[in-house]
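Note that chain A is present in both complexes that follow, paired respectively with chain B and with chain C.
Up next, the complex of A and B:
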């Protein structure tokens, strides 16, 4: 260590990078990605100015514009006098985002009973005996293999896709909640009973309250699998949605639309993750 | 109609009041263990007996300290009284009723994880009396908020009595030191005014000075209100300083027909501060006597002596 502070060693476990360094390093890979993309795009456009595999910056901007402002092909065209807001609200990106988000949030709501079931399995021995073995087995069923059955049972409408997401993520979230609730020290439960708690008090006011931040973290980790099942359902049988549009654009080699769509989906998931992380910090300062 | 139901529910739950004995000298049995045995099945199919034919009567107001080697059944005894475990044979009664589940008859202070991490100090201490006063629905009534206000004052007084400052009341347990956490845990248990207070090596994770100060505080608290306390410890000095009665348990040996109780004696009481008592000759003698009875020479000691004697043996053989 020097007199002015710790020496700069990239491989030093005890290193303490300053704030500026941390910020710069965290953006570095984004920058490298953009540079590499530009490099490849420029190289391909030199060979073929009409190349659509790696669209140029101008093509991407045009793609974003058409995704935001243009209607899907299957819809009736708007009047030429339509305002910008009307064009945006009838545009591909907005309509697809609303459709996919509706499915996504309905599935998230339907996952709440799965979380509660996991909690009850961990707390009530009879519920554990009844459900645990079955869900340990059910969790191992590959959810996508259930898709044909779901299409037969629920049709190819919304519910088959929503159920695919619930069946895909529900058991994992349930077993995760079960494990988290089981890890609450036994002393806490005993103590709560000596403080005249009922079984419901212990379940909801002692255990659930304690494990809620960990459950929220578990939901955060399961956002991507949830989106994955949503995309699988939408790509196979849908008439709208973000994944449907990507599947359609693939047929037309529309990379100028696909890439903004991919980035938009990632940004939405990142925002949701950040929101949950923020909520966790604000609601559970003790965690 | 709903309001009437809530009020009825409210009436069925009352804040535990300080127990007043008709005759202060009356020594009713608070904890009774009758012919209690506890055994566990081992993987080999055999049975491991932890407690064997244990008979114990603990009177109200006694400060009973249970001492013994690891594996002698101290914590099992505590769990039996708590209702966390049940005897294979025999019965356990607390406050005149058979123990069939964990309930508010016993206050409990474990060695760690004693506080709810998601609640502040004040919320932790008020949690029990709030439960005792009303159920979920009755919390909507104005009388609950009036009760809460008076309870807050009582909780604050108890916390201050345990050495906490008002600035600590709104801290979370993880923001407190180990000693502070145990003080809050004791306050939390005492505010419920349980007939019996169970402490499972409650001070063993603390540093010596914090431990000494908590011992003194516990001693003072017991002298003030005389609750029945069952205190499990490994520490001989702590046992002699705090208790009015000492029970030394020994591990049960296969084929042994005797009970686990090796020693059951009344301890002398004194009004001196514990730090002064600790330095007296009587205390030292008693400590040596109990140590001699309670603990066998450990394997480590035998090994250490063998190593010390080794050069002499080598010299002798040469």
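Up next, the complex of A and C:
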């Protein structure tokens, strides 16, 4: 007897929702979020038409427009003949995205040595003896509390913010890599040696190669802490960047700019995550 | 395929009755919870039999610390009882207190005239300044290293909390010294106040910073190479510290808002009189509000012009100079888009003065300076 409707499957492990159901269910919470937001917004605007705490749709659209097209006020104004493209590329959102992304990618690059160190710790017993205890301890230090020291060592420009991200996320990534590499069966290493591999062959061609997809997944999980540290650094001392703008806008409740900025950051992180996931699937179809 | 699915087996095993029973039990539990919640709410909601409750938010600053002492010492309670209201005093971080006030989570809040304009007023929350408490008379300062002068600052990095009175002070420093044309060339670095001292002192290449006491004193004490270029004593009466209440609270039909205003004004001037006479308990109590030592707090008080009597405050609020000074502040806010991205004219956020005159569009009054309660205090009518 065939099922009469999807309602019967709701609590059933074996339920197989149809495509239409999967699609519509997956958008449901978005819809609820938007509805709740607009209800709050409408209620607040009924009471106070100029409310800035929960901007209305029109205010948000205006906010997006000025974020994309208007220049940050610290820049020299463009002349009136500027094309739309020029206005976008000199606009707040683009300029802030560029400077924040630069910091983000530099620190991502600096995390590669941390991953390799984790790998070496797992493979070479002397490296393990030397580094492991220290990094287990260092990982537990709340990186934000180190900021005054970072300021003294790296100045208050770019490097203190980049190092905050590296110090905040590096040890976690390193220890995760260590754990993943440790879980590679010992037999494989022995086998590789019987096939006349060198130590480095084993490290890079046997172990790294097979744990790489897991490392990429670990990086994906760490994108958010990375962004968190970037935001913290930019909010504490900076002259540009996405979090800088949010900090400035907070001074006068510019939620009409802040909300689009937050959604933009979320979209960027999502795209980054999707890119890594895609790369992982293409590079390691066997995983 | 479908018949192969083990759903049927599960159904048989689980049976129908047990599930219904458990559902019933869940409903009963929820019902009990609801009743408990409703009871709790009834207890918490003011206005049944209890006196109307008002919450005042304050943040750490020389001119606002007395609110802490006022609540602690029982002065506030005495005045609140006299007017039949309950007044709670709650400490916030400055930015958070403003958020809470604009979000209508608290009824009154301490803030500067600049934030009164660009936070609640610009967000359409009609607000009234009840008490003009003090003005910064040297509390805010522009600091520089190694003998730099104001004229040498453009192009160099200046650390400050942007879009606050610090930036206002910096621009005024340039205007007052005839360097107004240099303002667009300033390179500002937005630095959180919690990290400013460490970041500025950490690197001797940082040329300049703008901040307020006690941070100013900390920097000057720790580095003899730093000197003050300009401070707020050169622009007296421009950086005002106010107690602001939402106008709709003041206009409550049952008159409780007015009673609240009277109570808090009465309590404030009793507290300030103690401070002005140098009562040790008042000074120590206010210093304790920010964890400052008495000596440090006295140092801050020296550069704070506290309106020590309601008479002085009333005169200042009703005087003609206030209008000029507020105009400087509102023009600054407008120039920096602090009144909102879409605001076309500085007059869209209008200010109403005690004499009834309005600065800006008369149909867009958002901030009211109200001398009524200061006047009542001065006349001893509270």
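In the analysis below, the second predicted complex is superposed on the first by the 280 of 287 C-alpha atoms of A that agree within 3 Å, B and C clash if a C-alpha of one lies under 4 Å from a C-alpha of the other, contacts with A are read in each partner's own complex, and residues count from 1 in each chain.
Following the convention adopted for this analysis, contacts are C-beta pairs under 8 Å (C-beta built on N, C-alpha and C of every residue); 3 or more make two chains touch, one makes a residue touch a chain.
Every value quoted in this text rests on a predicted model; they were computed, and no experiment measured them.
Enquirer: When the two structures are laid over each other on chain A, do chain B and chain C clash or fit?
Expert: After superposition on chain A, which the two structures share, chain B sits beside chain C with no clash.
Enquirer: Looking at chain A, does chain C or chain B touch more of its residues?
Expert: C
Enquirer: May I ask you to decide whether A:254 touches chain B, chain C, both, or neither, giving the answer as first, second, both or neither?
Expert: After superposition on chain A, A:254 lies in contact with chain C alone.
Enquirer: When the two structures are overlaid on chain A, which partner does A:273 contact: first (chain B), second (chain C), both, or neither?
Expert: neither
Enquirer: Figure out whether A:197 sits in contact with chain B (first) or chain C (second), or with both, or with neither.
Expert: first
Enquirer: When the two structures are overlaid on chain A, which partner does A:151 contact: first (chain B), second (chain C), both, or neither?
Expert: second
Enquirer: Which partner does A:128 reach: the first (chain B), the second (chain C), both, or neither?
Expert: Neither partner.
Enquirer: According to the stated criteria, A:12 is in contact with first (chain B), second (chain C), both, or neither; which is it?
Expert: After superposing on A, A:12 lies in contact with chain C but is clear of chain B.
Enquirer: Anyone got the angle at chain A's C-alpha centre between chain B and chain C, nearest 10 degrees?
Expert: Reported to the nearest 10, the angle reads 150 degrees.
Enquirer: Considering only the touch criterion stated at the top, classify A:236 as touching first (chain B), second (chain C), both, or neither.
Expert: Once the two structures are laid over each other on A, A:236 reaches chain C alone.
Enquirer: Considering only C-alpha atoms, give the closest distance between chain B and chain C in the superposition, rounded to the nearest Å.
Expert: Here the least C-alpha separation of chain B and chain C stands at 26 Å.
Enquirer: If I apply the document's touch criterion, which positions on chain A are contacted by chain B in one structure and by chain C in the other?
Expert: none
Enquirer: Which chain A residues qualify as touching chain C in the complex?
Expert: Residue positions touching the partner: 1-3, 12, 14, 48-53, 59, 62-63, 66, 70, 73-74, 76, 147-148, 151-152, 155-156, 235-239, 244, 247-248, 250-254, 256-257.
Enquirer: Quick check: in the complex, which residue numbers of chain B touch chain A?
Expert: Residue list for chain B touching chain A: 82, 84, 101-104, 106-108, 110, 112-114, 116-118, 127-128, 131-132, 135, 172-174, 188-189, 192, 194.
Enquirer: Sort out for me which residues of chain A touch chain B in the complex.
Expert: The contact residues of chain A facing chain B are 185, 187-188, 190-198, 201, 206, 209-210, 284-287.
Enquirer: Quick one: which bits of chain C touch chain A in the complex? Just the residue numbers, please.
Expert: Contacts found on chain C: 2-3, 5-7, 95, 99, 102-103, 118-119, 122-125, 157, 159, 162-164, 184, 187-192, 194-195, 198-199, 202-203, 205-206, 336-342.
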